[in-house]
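Each of the two complexes below includes chain A, the first together with chain B, the second together with chain C.
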Partner chain A sequence: MTEIRIIVCAKQIPDPEAPLSDVSVDAEKMEVIVDAPQVISPFDENALEAAVRLKEEGGGKISVLSLGKKVSDTVLRKTLAAGADELILLEDDNFENLDSHSTAAALAGAIRKIGEYDLVLTGRQAGDWDSGQVGLILGEMLTVPCINLARDISVEDGSVVVKKSVPEGYERVKAQMPALITVSNEVGELRYISRTKMLKMMRGARSIPSWSAEDLGVAPEALQKMGITALSSPPDMGRDCQVIEGSPDEQAEKLAAVFQGLR
Partner chain B sequence: MDDVLILGEVKEGSLDLKTLELMGAGKKLAGELGGEFSLLLIGDSVSEMADEALPYGPSKVYKLEHPLLQGFKADLWVMSLEQACREINPKILLMSHSFMGMELGPRLACRLNTRLTTDCIDLSIDPGDGLLLRTKPVSGGNAISVFKCSGEPQLATVRGKVFAPAELGEANGEIVDIKAEIDESMIKVESLEIVREEIVALDKADVVVSGGAGLGEEDGFELLEELREALSKSFDNVMIGCSRVAVDKGWISSDHQVGLTGTMISPDIYVAVGISGAIQHLVGMVHAKKIIAINTDPGCNMLKVADYGVVEDYEEIIPALIEKLEELS
Partner chain C sequence: MTPHRVMFWQIENVWIFYVLAGLATGLFLAGVVAYVTVWKKSSGSLEIPFSKEALKRMTLDVFLGRRVLQGDIAAGLMHLLIFWGFLSLFIGTSLLAIHHYIFTFLEGTAHLIFSFGLEVGGLMLLIGIIWALIRRYLQRVPRLERRLEDAVVPLWLLLAAFSGFILEGLRLTVEQPPWGVWSFVGWRLSGLFSPAGAECLYPYLWWGHTVLCLGFIAVIPYTKLFHIMGAPAGIYLQGASKPTVPAMEEDAGEFDLGDAIFFDGCMRCGRCVEACPSTGAGEPFAPRDFVQAMRQALWQEHFPLGDIRFMGRKEENKMDENLWYCTTCRACLEVCPVYGAAFEVVSKKRVLAVEEGTQIPKLMNQTLEKLFKYNNPWESSKRKRGAWADGLELIDLTKRGAEADLCYFAGCTTSFDDSAQVIARSFSKVLQIAGVNFGILGKKEPCCGDIARRVGELGLFEEQREGSEELFDKYGITEVATSSPHCFHTFKNEYPETSFRARHYTQILRALMADGKLRFKKGMEATVTYHDPCYLGRHNRIFDEPREIIRAIPGISLTEMNHYRADSLCCGGGGGRMWQDLQGEVKMSEVRIREAEATGAEILITACPLCLIMLEDARKAVGLKEPFRVMDLNELVLQALIKLKIEY
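Our next item is the complex of A and B:
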């Protein structure tokens, strides 16, 4: 069997695990302001991990696509350090705040430009807008089989077999390749990348290609922005926390009394 | 043209609670539009559920039955739903943000060239243009956004437990049969088997003892299990929960995951051990009546939303706590 070609779509977002105090909402500009470093969206990291494991098992080539108005290759180079073979940035002023449909259309343009592929992997949803649409819409646009919420992926004789999370457990499903799969976190976290490896990748002379809307054959007027009409802060979740002090033994005793009181 | 169409779901031979909630939402929106709402049921045999639905007030219950629609085969369901939408031509289509809705929504939106908003917590009609205003938490729950999109049908998936279920009343609606042109060749993803797993029903827990990255290792859950057993002597339905990170690390299965992409819960007591409290986790448990946080980081999010906090290594506290609980019980 020839080696498989995997395309992973990875989005760069402000760290969704940031402390609450680092996040604010500008209702006027309708922007969420997160004072935190940029990272790869967590479920997209799961998708990359799944891809790297497939490559380790049967060989293959992994291309990572990342779309935005401006994508930082220093954030995305992590994907190369983790085992991807190629990183392509899809950058264009028209790619700012796109809705899911337009994002999928631009990604589909990039995938068609790449040409041959066996699998497209995306995270189940992005950690900024939590929409969970781009992967499945992309699959529809590419008219390939779509599998949602994968927790395990294997390739057997030109087909892909996926353990898909379902309410009662999991379902083993099979599809011909090429196929699109959205990946859930049960796959496991992205492997640890040593600092040396990371630094080597950062300092590497390797140039990272950047494709514009025009390169993808996507007309700017076909791209739509998210239709946000209002943005507000959620209700305050804070409570008046009573911190239990003392030695561990005293703390345990006080905590046991709290439980007693709640019975 | 129908004003508001609801995609129904069936659970254990009866209408799912989420469908009753959607009918509640549908009735409200139809009222704002000065129109009516209807329900679409898809499956191999949905006649009983169609009868069951009528007293909730839909003007029509569309019944789309086909032997191939037994079980959820997404390819056939999305095809059937697409055909039904083209026939019924609804102004608004609502489905649950359920396992099925999460998959059907985006695929249908693409096929009908309309725009979907997922996981909505409120819906209303813009009186100016009659379009659907879709309120949705974004950024894991750090902000609430209202979207307005073009396209028809206006499409949204709706979070559970935010709309009150429709109330029973008089059944004045009619049942309408519709057909779908589907066959086995349309199945692109073949089901090999469904493996049933023992699933923890976290939403039924009174007390949840939950662990996260701060446990440091898989074995940490053994200590939490001991605490769970000790608490079970005083409380009913004590269960083990976890953060997303604990699942990513392979320490515990995802049915224990609490949060936006896990289970959303509101138990009497939530004990968060070594969970710093990423927003996507907090939104899943912040409605617990009492929150107890055990964490080494005094500045973590979890301590900001907790009622009681212990800033200490859990390996020091929990064995001592179990001992004290045993003494008291």
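Our next item is the complex of A and C:
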């Protein structure tokens, strides 16, 4: 079997698991402010893990694309440490806050620029806005078969076989390559990248290519920004804990009274 | 006629004996060479540092059997009997060889003493072996395994010793020497045979005995008997090699000579299994099995023929999963006769697992990510660090111009966990009452690196260590008090050189007490029991300070649990276990809380944030109700001090 060429799309986002105290909402500016470290979106990490495993099994080459106004290579170099062969940053001032369609268009431009590929892997959705659209739109734009919610991916002579999560379990779906697959967390977490490995990757004199909208042949006018119509702070989640004392009978009685009071 | 012994009495073709002896020695030496080869290959060097203390300790341990006696007198006496019995027979045979080949001296009185000595030695060996067999097969001591070699080795030795006595009896039956009574066992036996039969039987039995004894020598390197050499070597090396400061070196996860010899010196006595709190809670980890698996792996990797122990069996290879159960509590090292630190071996294997990346349990993987991103294992915001101090009006040492005599390092868990914050708040109040000029690092307080170190993420540990050192330097901090024994241990033992002195809060409280700055008055009346945190007690030998503080509080009486001081059980929170969800039959903390309950004490005192959380959770889980409580030592001290203030 010839070695396969995999493209993984990875989005850089503020840590979605950041403590709530680090998240605030500016309702006037319509902004969610997350004061947390930048990370790779968790589902995209799952996609990368799936890619690395495919490479470990049958060999191949992995290219990682990451798109944004400014992408931190210190965050994205983790993909190289995990086993990706190439990291390409898609950076342009016009890439700020794009909607899903425009994001897919820019990514499609980059993938066409790369040329040959067998698989495009994306996370099932991004960990910040959870839209879950870019992957499927991208598949459409590339006019390749598209399978979403993959929990297991294997390659069999020219085809890709995917176990796709459905509410009752999974379906086994086969598609001709090249294909696009959106990857779900069941695939497994990205392997741990030790700090030693990471530091080596940082120190390594490796130039990371950066492509602009112009390089991708995407006209700035064609890019749409995501528009928010309304944004408000979440309601006060303060909890008031009341411990009900007494014998089981008394406790039950008091608890019932509390419920009645709430009605 | 002077008492003497006829050599090779009734034996013809003595040359066969020399051939057999040569063969046995050859096999023995070949085995030893194999060991040395494996040691050299696995550790890269055979460099052995000289240390007088280590030599002394080894000699005393070997000849007095101190480590085997410790904690199990029956096993120790049994071992001493076998050891001295075997040794005196070995020395006796060597003397006889000198007498025969070099110069004749075993005549007259010397011969009588010699004969008597060998009788005693043989008898000790016999009794020791029979006792050993009884312990293993009749008494069925739980920590002992019953593998094939566990039966073959003692039976072999038993047969050799027994046939020796019979042989002597036969010889004395025929010779009837006037000094025969000095060989008192053989002399008794001699009455059982007829002289003609004895003379006829003797040569056959002699050859049998010879084959058994020579075979025994040959088989030493190929069975657990190798501990005869491996154990002393291991004891020496554990004492002689310098404790290594972990660093991000290339070989950080590799075994060294001490490890390799420890594996080969282990004879599966199982004391570690008995002591291990993880094994005790029904978890799949057992230090002995782990060490044996490591031993076998080393041989398979570094010796062309694989494991040299022919009666060995395939060790279970689930070690990659079981690796994460160890809490690094050090209980195994306390009881190991060869001072083997199985928990350190676990740490080394974790370094390799972390480098490799795919074998780390999911939750640990996430914890490590958080530890790096947030510089604490609780995924808490830096801004919340120091929030425990709100309203206490403490000095923030990171503010311009702030100075204090002592820096209180609360630590991640004490800072962020709601139930552990009580430690920081009560300790601060105690310091305020005692008039200590102290400050905290507030939002800038870093993680000491304990978790990264224990879990094997040495790169992260290195970064955290450097970060902490820089911070302490920057603010000119020279005295540090920690809430956690883990931070204390890491600062004290795993930061190579520091410009500050780290102490645990129990040491600070004890010093304040000695200076008369803490004066307790009679407050509450209660019986309490004290749980030794592993990293305070076993790792740093601080057993007395907390107990002295507790005893100094009027109205409080201290009672001990079944396991205390160096023998204490682990709460299950150390070594990164706090941030994993591994399951055994029961929780270690629940085993411990039951022990505390059994003392009849109303309060369980501890001196570590991890222990406090684990034990308090266990109290709730097993449903122990008021008045039974789990408290940090600071809370108890503060209560006694506040009483004092009120009474003024």
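General remarks:
Going forward, the second predicted complex is superposed on the first by the 239 of 263 C-alpha atoms of A that agree within 3 Å, B and C clash if a C-alpha of one lies under 4 Å from a C-alpha of the other, contacts with A are read in each partner's own complex, and residues count from 1 in each chain.
The rule is short, and it goes like this: contacts are C-beta pairs under 8 Å (C-beta built on N, C-alpha and C of every residue); 3 or more make two chains touch, one makes a residue touch a chain.
Computed from a predicted structure; not experimentally measured.
Partners chain B and chain C, brought together by superposition on chain A, clash. When chain A is checked against chain B and against chain C, the one touching more of its residues turns out to be B.
By the touch criterion defined above, A:203 lies against neither chain B nor chain C after alignment on the C-alpha atoms of chain A.
Legend: residue contacts after superposition of the two complexes on their common chain; A:192 is shown touching chain C, with no touch to chain B. In the superposition on chain A, A:17 contacts both chain B and chain C.
Legend: residue contacts after superposition of the two complexes on their common chain; A:29 is shown touching neither chain B nor chain C. In the superposition on chain A, A:39 makes contact with chain C only, while chain B stays out of contact range. Common to the chain B and chain C contact sets on chain A are residues 17, 19, 189.
On the side of chain B, the complex with chain A involves touching residues 72, 74-75, 99, 102-103, 105-107, 109-111, 115-119, 133, 136-150, 188-197, 199, 231, 234-235, 244-245, 247-250, 253-254, 257, 260-261, 268-269, 276-280, 282, 286, 290-293, 298-301, 303-313, 316-317, 320-321, 323-325, 327-328.
Contact residues of chain A toward chain C in the complex are 15, 17-19, 21-22, 35-37, 39, 82, 189, 191-199. Only residues 16-17, 19-20, 23, 25, 30, 32, 34, 42, 46, 99-101, 104, 124-125, 127-137, 139-141, 144-149, 151, 161, 163, 165-176, 179, 184-186, 188-189, 224, 226-234, 237-244, 248-249, 251-253, 255-256, 258-260, 262-263 of chain A touch chain B when the two sit together in their complex.
Touching chain A in their complex are the following residues of chain C: 248, 354-355, 357-358, 360, 362, 365-366, 368-370, 372-374, 379-381, 383-384, 457-460, 462-463.
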